[in-house]
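In the two complexes below, chain A is the common chain; its partner is chain B in one and chain C in the other.
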Partner chain A sequence: MSSSLPDPVRSAEGTAAAPPSHRSREADGPAAALAMEGPAVSPAPVIAAAAPPARRSWAPLLQATPLGLVLLFFFVFPLLATGVVSLWNYTEYSLVPDVTGRNYVEMFEGCGDLSNGLCTTFRTYISTLRLCGMVWAITLLLGFTVAYFLCFHVRSDSVRMGLFLLCTAPFLTSNVIRMISWIPLLGREGAVNQFLVGAGLADAPQDWLLFSPFSVVLAFVHLYTLFVVVPVFNSMMRIDHRLLEAARDAGASGWQTLWHVVVPLAKPGIVIGSIFVIVLVMGDFVTIGVMGGQQIASVGKIIQVQMSYLQFPAAAAQAVVLLALVLIIIAIMTKLVDIRREL
Partner chain B sequence: MVGQPEIADLYGTTTLRPSVAKARGAIEFAAVTKRFPGGAIAVDALDLRIRAGSYVCLLGPSGCGKTTTLRLLAGHENPTSGDILLDDHPIVGLPPARRGTAMMFQSYALFPHLSVLDNVAFSLRMRGVGKSERHAKAAEALRLVELDSFAARLPAQLSGGQQQRVALARALVTNPATLLLDEPLSALDPFLRGRVRAELKRFQRELQISFVHVTHSQDEALALADLVVLMRAGRIEQQGTPEELFDRPRTAFVARFMGGHNVFALADGGQIAVRSDRTQIGAAGLPATVVGVEYTGTGFAVALAGTAGEEYSVALTEAALHARPVEPGQSVSLAWDQADIRPLADAAGPS
Partner chain C sequence: METRGFGRRDALKAAAGAAAAALAAPAVHAQGPVVLRYVGTAVNQSKEIKDKVREDLGIVIEYVPVTSDDVVRRAVTQPNSFDILDSEYWMLKKIIPSGNLHGMDAKRIKLVDQITPVFTKGEIGGRKIGDQGTAPRKVSFLPAREAKSFATEQTQWMTLIPTTYNADTLGIRPDKIGRPVTSWADLLNPEFKGRAALLNIPSIGIMDAAMVVEATGQHKYADKGNMTRAEIDLTMKVLTEAKRAGQFRAFWKDFNESVNLMASGEVVIQSMWSPAVTAVRSKGVPCVYQPLKEGYRAWAAGFGIPKTLTGKKLDATYDFINWFLSGWAGAFLNRQGYYSAVLSTAKANMQPYEWAFWMEGKPAEQDIKAPDGTVMEKAGSVRDGGSYEARMGGVACWNAVMDENDYMVRKWNEFIAA
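Our next item is the complex of A and B:
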């Protein structure tokens, strides 16, 4: 992802130089007569800012090279390869280098005809998007609340740090172990069902607790809430607490302060957290597989199945479409909020 | 508050002629104490009366309780005991926006994501004033501070002085009876500070509301205030007009804090203050050694050390110094006229 974003330093310079600069302090004192001359005074600092540095240094470029190479070989090349392979042909036993639209055509075969309902591909994408939407909404709500609590309710820095580390505790074990741990809790004979039946709250063990959309969403929320907490917390910590007081002084209620001051200023963190969650959930097949009892369709699952049948070109085409969809979602979100401010 | 004129009346003209001639913002603190949960007493049984339409400076070193006093008035802190009245209405317990106060925060606390116009209109928006109406009023307030052409800018695109005026417009847009200013000039460079200071004073006079201004700079207080309240450890050390505070300090703390004074210990254990421009370098008197001579533009400041290392300062005119030059290292004697002696209460300690 990072390579597709514009260079933050360069664009920050661009925005700074764009409005006619009134920054020189002498130019705008309390006497507005002076201040309004702003545009006339401004060209000098703008030109100064745009002038190239006297000595061009290669050190920063050199420092960025190792990561650049890693990204080139392990991110850009595989991605290009996926794009190329998605145009290849294949038989039961071989891949045929080619330029064909077959994989894309087959993916959307029958999708034009709505008389039999939606085609499998559309239904799978819609169910994946719906799942993603639910997980996104819940993680966002939880993550924002946790970050808000840590940021504005916890007074002492050491307590805040302690609670923050506590949030990361689930990550001390592996993803798989965390998912498997849900089984003794949510299974037919699991702790929750035993309690429900024992307490007379249910006549029989509940099946929707495990291997169901519920358990998938639960596992995702458990896995990914922290990915929202961290960037939102980071954004919120930059909010000057005097702004909240200024809002209160202006007559804002708690909710008004939240909506008009905290949320807008935490937006970059909200968007970054949302990107994490959406990217991770849209491409997932392990969590959906394990927690959904291999019963729930998802785009990631389709790709995995095609790979297991060695239909690499079909899987690659599917991956390209998924990537495009996720990129569109991210593009819309970054259009709404300028996250470069955060970087 | 009840019976206050609509804001549109107040800002009907950019020359700031209030429609009500009556000054507003009479404040009374009655035995107000603020004790923080840790047990620290920030404000200790404070009694203070502020006349309507006056400019008050709460002055003192950091930790003296001046900011807490301001926050008690603004409603951002609640007193542990005591009562606060604004224009004869008790305001303790009321939310900040219902008190008739408006606060201008240190470093302004402008909302960075809102335009200048929306910053100024914020409080009106919170009160549910419609968009066109609140924008018209905000534009009016911006015209008042001569920033109407900057309405669409973000705060980060303004200079410090402009941000300060936006904060002022934001505070005045609700037509408060008293404006509370927390170190409003500390973020400005010295050149701007003087001009903004004069502007604040002009606004206060023309609006006829009271300004309560917290500062640690005695220069600011002397230049602006009708009433200077010098605080120390949660109590009022001395209050009065700037002249009273500067010329007639009652304790050594006041004399030292206001500056421009020498505090001399008397043989009987008492202390007196003598202004440095009234302290004379003569042939007989208190022995002292010249440590340095600084040119101040209007004259010279001679730094001296007493026999036990006490620091003294004598302000001399150019003519006086040239008539009787002094050199660092020279032994001299300090003297003063009987009329210039200000006896100090023994409550004084080292500052």
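Our next item is the complex of A and C:
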């Protein structure tokens, strides 16, 4: 049995994994890379130029106009404004239109000198990225497991939908409430510590439960796992169950099927969920502030402090750097999987 | 024919009259009471005051609660979004240069001569009090109505009309500490490792830290409210070392956070505000607003008006401010442990035993009750820190904005990241 395993597995992999690998190969091509860059912008003029008959050429443009305007006013302009303001100078109480590198220079002040340890900016980004990495890994694992269970273990459609809706139930209360309700639970004299001490599992109340990276990650996982469950579930529901049967018939073990069939086919959902989680965590300052006892550095927190001291240009510069970083992360992920093709 | 004509005309008139009345009625309703948008920190926005203003003046106060930092931000960036600004005096160093507040005409404030000399001269009972930081005396007056810088002497134009002020110190849990605390140095004492908290408003937090640095004899500041860069570096170094050593359980920014930290036992010593101590105690948790030998860090707040305010709303604002000084509100604030700007009118609105307890530092002759009727202090107890003269006279410095504020904020961010 064991000797005959590899071949069928490979053939199962061949049938099941071929489509995604084919896709990803395509995605690496220059055409796909081009298509990835703002489809909303480029196709419209192309159509307008290529189709002389006047009436038809206007229709798609008009249809795209409302969304285009919304994006222009509420996305492009604010973004440009942020970029411009990040080059301004400022005083205690006013913004001074100018072109200065002051905000960027101050942000990276002392970053070249590693003798005193890392500079504030690097330390803050590393702290944020570390939290982000932990949250990402845990939400992904949890989200994938939940989605897998819903898709492949629950047989009845109605039960599946019922359970799926149950997953969204926590969203009926506000974000902040869900976060804050952890505090009395995890506190030094909270329920968890009372149990631990009462049951003799700990000699003294455990401080690391609250106002620590642990509590921050816990709150994030609680808040954002569903953002992974939904897209992964969506991707998994499209997987043809005959593929799994074929894999099993060909002798693949459960893990092999999971790794070589399900994961590749669920990739778009995984990437979309990851983008949600990463973007939300990287920009967060409320959860990190409340659950971390305001002691854990995050980029969002720095921006918030600067804003509250009216240092808008400095905050804008931080925001630009953060945006660049997040865009790079997303670019890398979308390079790995062509999401649009899958939707 | 004529009678019928008359009849028709009458009918028309009546109809027109009715229509006019019907049309006019909503207009009258729409005018209604004057609504004043009141921007300030939540801690000063009591429902009782709002209700009483409605009753006495017919003015509707619409509270807009924001954090201390947001008060400044609102005043500087959105001066049209409020009619009354409940601002602290240290904020004025940022707000006044923006020109968004107008000097208030002292002649329209009836009790202006009775405002305590803490604000006008920086003294109590003829004795000078601590002047470090942004003492109200330094920023109370403008040379002209629309000035953007402060006057050095008393003028007709006041930046804020003071409402309330207090001397802040550390709050402690005597039941968990079990020994007397007498110095600011204990905030960073390793004995309370992991059980101390600090205020996460950089400009105030750094002054608490400065009190500690002075208490431990590491440095003597010329002005804790206006440090040099070297002094900021030193202070932040002390704080950073404490943070790395795990001294702090959390930092708080909101009044309620400080109450929860203390009441839940997460923290046993922290910078605190007086009503927060009251709130902890009213939950039945022992908490003391501990007077310390190095003195208090004081703050003061008052009402300012935006330059855009005119006409009826402006008049209503002056009415409201005059009402605020006339006693009821003063007594209300004094009973919470704050101090009112005009003491004589507040005294007239308080029971003698209340005045003796809150203002004179005498043992309570009978139970002291909070405005909502719950017992705050049993008969026989004495207020932490004693009398008005003892507490306000012991002020060491005032909440402030430094000249090196930008640098300080950067250093504070560094501290949070450390």
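Here is the rule we go by: the second predicted complex is superposed on the first by the 276 of 343 C-alpha atoms of A that agree within 3 Å, B and C clash if a C-alpha of one lies under 4 Å from a C-alpha of the other, contacts with A are read in each partner's own complex, and residues count from 1 in each chain.
To be clear about the criterion, contacts are C-beta pairs under 8 Å (C-beta built on N, C-alpha and C of every residue); 3 or more make two chains touch, one makes a residue touch a chain.
Bear in mind the structure is a predicted one, so any value in this text is a computation, not a measurement.
Contacts of A:Gln194 after superposition on the shared chain: neither chain B nor chain C is touched.
Contact with chain B, but none with chain C, is seen for A:Arg242 once the two complexes are overlaid on the shared chain. Of the two partner chains, neither chain B nor chain C is touched by A:Thr168. Of the two partner chains placed by the overlay, only chain C lies in contact with A:Gln294; chain B stays clear of it.
By the touch criterion defined above, A:Thr65 lies against neither chain B nor chain C after alignment on the C-alpha atoms of chain A. Once the two complexes are overlaid on the shared chain, A:Phe211 sits against chain C while remaining clear of chain B. In the superposition on chain A, A:Gly251 makes contact with chain B only, not with chain C. Counting contacts by the rule stated earlier, no residue of chain A appears in both its interface with chain B and its interface with chain C.
The part of chain A that touches chain B in the complex is made up of residues 19, 22-32, 35-36, 240, 242-243, 245-253, 256, 260-261, 264-265.
Residues 74-76, 95-98, 102-103, 105-107, 109-113, 122-123, 125-127, 145-147, 149-150, 153, 157-162, 164-165, 170, 174, 189, 191-192, 195-196, 199 of chain B touch chain A in their complex.
Every residue of chain A that touches chain C in the complex is listed here, in rising order: 92-94, 106, 120, 123-124, 127, 183-184, 187-190, 207, 210-211, 293-295, 297, 301-302, 305-311.
Taken together, the chain C residues at the contact with chain A in this complex read 67, 69-70, 72-73, 76-77, 93-95, 97-98, 194, 200, 202, 243, 248-253, 260, 264-266, 401, 405-406, 409-410, 412-414, 416-418.
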